[in-house]
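Presented sequentially are two complexes of chain A, the first with chain B as partner and the second with chain C.
The block that comes next holds the complex of A and B.
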């Protein structure tokens, strides 16, 4: 009993931190660019597919982990510069339709190129096997995923909170015209934020692609979860996204232990309750970014 | 992909149906094709090339009701490849009649499946329906097949036993397998060779539940004990929690039904947690099949599964099939391609035997017919129209081929017949 609770907790925290990587990008993009990015799940999936190709072609998980997110970043630049930029300031519906279209296009392209069957990224030899944590044996790779995603989230948090770049980012979100008037190229800041989000999603794709299956449905699956997280945490709030990602990760893994079929219901139930009690989400509106 | 040119008469049909509402469609057509069959006969005489209902000469029309997009796209494509390879080998003709093929995408969706089946039967006047992949679609189209009564149905993959139990259709022939065959026969083998207690793990939907029930019943009958049952929702991302439950059941072996990307996720997590050192993994063949093994890789080593076809089978018949398939499509044949190929073989043999494409005559010919398949020859049960076939217990072993691992047959269970589920068509 204790064993399964410990295991579920570890899993919950681990998948929570990975979800945080995805949700953080989603919420930052919304907070700064005012864009609801439906293509975010597709970018996550692209990360996994790029990773699986690089891992096979170059024979190295580490190169995949390094290069795949960068490639996703390049895709992110293309999407932001060529399609989102002309639409800033218009009705948000334009962004939703556009990014939703990208999600479908990317998914279609993935099926065309790599087919419908599932793939996987081979784990590096260094991280195979399990580690005894007293009560349970836990796979080394999953502990690595937990560590690296926590470090990344921490890094991004610090960057937004402390660095000059973070201050410019938050200022741009707050008052775009003023920042522009002060001689800072806001459009570059926007591109940067979008690319950061894309890279984080791509990273999550590679990390999860080695412990789950890589398949054309993975993007659509994760985007729903990511939206639930962002809504619960408060649209645009980084802190909220991280907090509620952990919450959702734990709810999902405890749910699987108690009533597997009701887990999805629990997620949406939680979202409904939060929306009723705090319509802006747990951390919404109290924080600009 | 492109559909071959249509006959003029069909365009005419389409216009006429265009005027009636969707709900009228089947009544309209049934009246037309069944009750005023004479009119059709006249039309055929005038048109001279209305192959559809297939009296005597004229062409034959094959209707593929298969998924060509989405998760099951690869399966649909493989079935078509298998079928077309047979046609190709025979100059595109069966019994001296030219064969046209028409593809319709079911999208593995029940509503869509019914629509395309109706289209194939009514507008395209198909002589044979090949498909579907999804069992839910198969159950949904049973009514249409029965009420239109205009074509034989070669079920090239949907294995749900309820198609026989609830449908028991005269026109339905399973050129593939049923869920009893891919689970129950393994139980006795596991009891005798692996362990006397198992944990059941399954994807929690109809097919997964059927498989674990069939296995569980047969395992207890053999004298074994079911220690625990663990159901995971279809499309589960992370199997950690379920693996925890499997591990704490303390069973010596586990029987699983998962397929596609679920099978990949489950098997790799099973190895991640080191469960393969504590218990033996067994399962229905789809847990470890040609579409999942490349992704599962070494994590799958030493696992056992049961299926009616394995590309590595060492018979001459199969080697030829695999070589030809590689020559034609530059890829390894899989179980779905074999099912497509056998559907073509069955259809051709029946048309040649009767010289007709009338579904009643074809059904009569197919019942009890033996097919010389790459999987080993099989026979259609007169009572149920299920395939009576060999089932193979396979072990995943290292391979020196293009993939790191492959299935190797360790035991053949011969002529597996299965229950009749109170269906008697003989």
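The block that comes next holds the complex of A and C.
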């Protein structure tokens, strides 16, 4: 009993932190760029596929973990510069249509290039096996994922909260024109934010790709979960995204203990309840712009 | 609220929204419907398969029409229209399979279920605005998807199966009406065309009615309508419910024709594609989204054989958003207003694009 609860808690926190990596990018992009990025799941999937190819070709998980997210970042730059940039200031609906188009496009390209079968990313030898934590034995790889995603989330939070760049980012989310008037190239900041989100999604793709399978459905599957998280936390709120990612991670893993078929129901039910009580999410601004 | 919506309003809505009401526009619509009526038998004589495709195009056109009424006219972005579509579809599947194939019973039931589901979702969601409204409708639609997928009704009622779960319901027969069977695709095509035409006429009337004016007023300026003394929330819920009825009808037409109802009908990607169809066609014009939906279904079908149709479709969406944000309807209207300026417009759009990217 205690064992399964501890296990579910660990699993919940770990999958929550991974979800936080994806949701953080999504919420930052919305907060700064006012863009609902439907292609975020596709970028995550792209990270997993790039990772699986690099892991096979170069034979190293670590190189995959390093290079795949950077490649996803390059794709992110291309999307931001060539398609989003001309659309800023327009109705956000257009961003939905645009990024939905990219999501379909990337998914189609992935099936075209790598086929419909699931692929694998081999876990590095260093991280195989389990570690005894007293009550439970837990896979080392999952502990590694927990550690690295927590470190990344902490790092991003510190960067946003403390660094000069973070101040510029928050300021341009608040008042783009003023920041522009102060002589800061806001469009570069926007590109940077989008790429940061893409890289985080790509990283999550590689990390999860090595513990689950890499398949063409993974992008469309995760994007809705990430949306639910971001909306519960409050669109644009970084704290909110991390908090509700952990919440959803735990709800899902405890739910799997109690009633596996109903966890999805709980997910959307939770979102509906939160939005009806707090229409702008838990950490959202009091009045949505 | 949402100042962003105003950007669309100024140049798009006032003009494209009224086009459909003009006399030449109506004549064009009647000609179009007559043309489609003639196209059915011709397409069928060439290759029976084409009739099948036409019926699917019409069903999605009706669905896009229903979304455009609530999205283009009332300004409510629904990201959960698949819920009403699927609910209507499953209603038809269950009734035709177990009660009666009488179209006069089943189709009104599909409409009614669509209205009820939409009224419920609308009532729970209208307090939220803009993107949050969209996300709430998405959440409720996904809830319904999970309910159907896991066959929750069967678990609750303690019977073996209701929705058929993951597999859905198979072998659903076609409609009957006063002794006439609609098993023949061409007959089904005429039934669908007639209902789609009626729906379009009905929604155009509704958009022009005092009710429609209030709804458009809410889209333009919610606060003002509220100060005048209208119950804005109630109007929104009613508009959403009406839209849901037409979405339910689309589901009721689609499912018996395909003879399959599966949970995929309710999946969020259906809602997403629907929004894309509406924007591609030109929101707020009623006819534009129908053209957009027909085109997307047509392309999906035709390009399905080509290996990378998704890449082509995705690229098309991206290009439309960047270069023709008012959709097909917008492009056609500006072409009609100023045929000689078309080349200049294209040049200007390209120049703007390059400037924006460099900026």
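Criterion: the second predicted complex is superposed on the first by the 285 of 289 C-alpha atoms of A that agree within 3 Å, B and C clash if a C-alpha of one lies under 4 Å from a C-alpha of the other, contacts with A are read in each partner's own complex, and residues count from 1 in each chain.
Throughout what follows, a residue touches a chain if its C-beta (ideal position, glycine included) is under 8 Å from a C-beta of that chain, and two chains touch if they have at least 3 such contacts.
From a predicted model like this one, the values you see are computed outputs, not experimental measurements.
By the touch criterion defined above, A:272 reaches chain C but does not reach chain B.
By the touch criterion defined above, A:117 lies against chain B but remains apart from chain C after alignment on the C-alpha atoms of chain A. Contacts of A:130 after superposition: chain B is touched, whereas chain C is not reached.
Residue contacts after overlaying the shared chain place A:221 against chain B, while chain C stays out of touching range.
Touching more residues of chain A than its counterpart among chain B and chain C is C. In the superposed model, A:261 makes contact with both chain B and chain C.
The residues of chain A shared by its contacts with chain B and with chain C are 111, 261. Those residues of chain C lying in contact with chain A across their complex are 1-5, 7-8, 77, 124, 127-132, 135-136, 138-140, 142-143, 146-147, 150, 152, 268-269, 272, 275-276, 279-280, 307-318, 320-322, 325, 352-353, 356-357, 359.
Every residue of chain A that touches chain C in the complex is listed here, in rising order: 34, 36, 38, 81-83, 85-87, 89-94, 96-98, 100-109, 111-112, 187, 220, 224, 227-228, 231, 235, 261-262, 264-265, 268-269, 271-272, 275-276, 279-281, 288-289. For chain B in complex with chain A, the residues that touch the partner chain are 69-74, 204, 231-233, 235-238, 240-242, 244-245, 248, 260-265, 268-269, 272-274, 291-292, 294-297. Listed in rising order, the residues of chain A touching chain B in the complex are 3-4, 7-8, 11, 15, 111, 115-120, 122-123, 129-130, 137, 139, 141-142, 211-218, 221-222, 253, 256-257, 260-261, 263.
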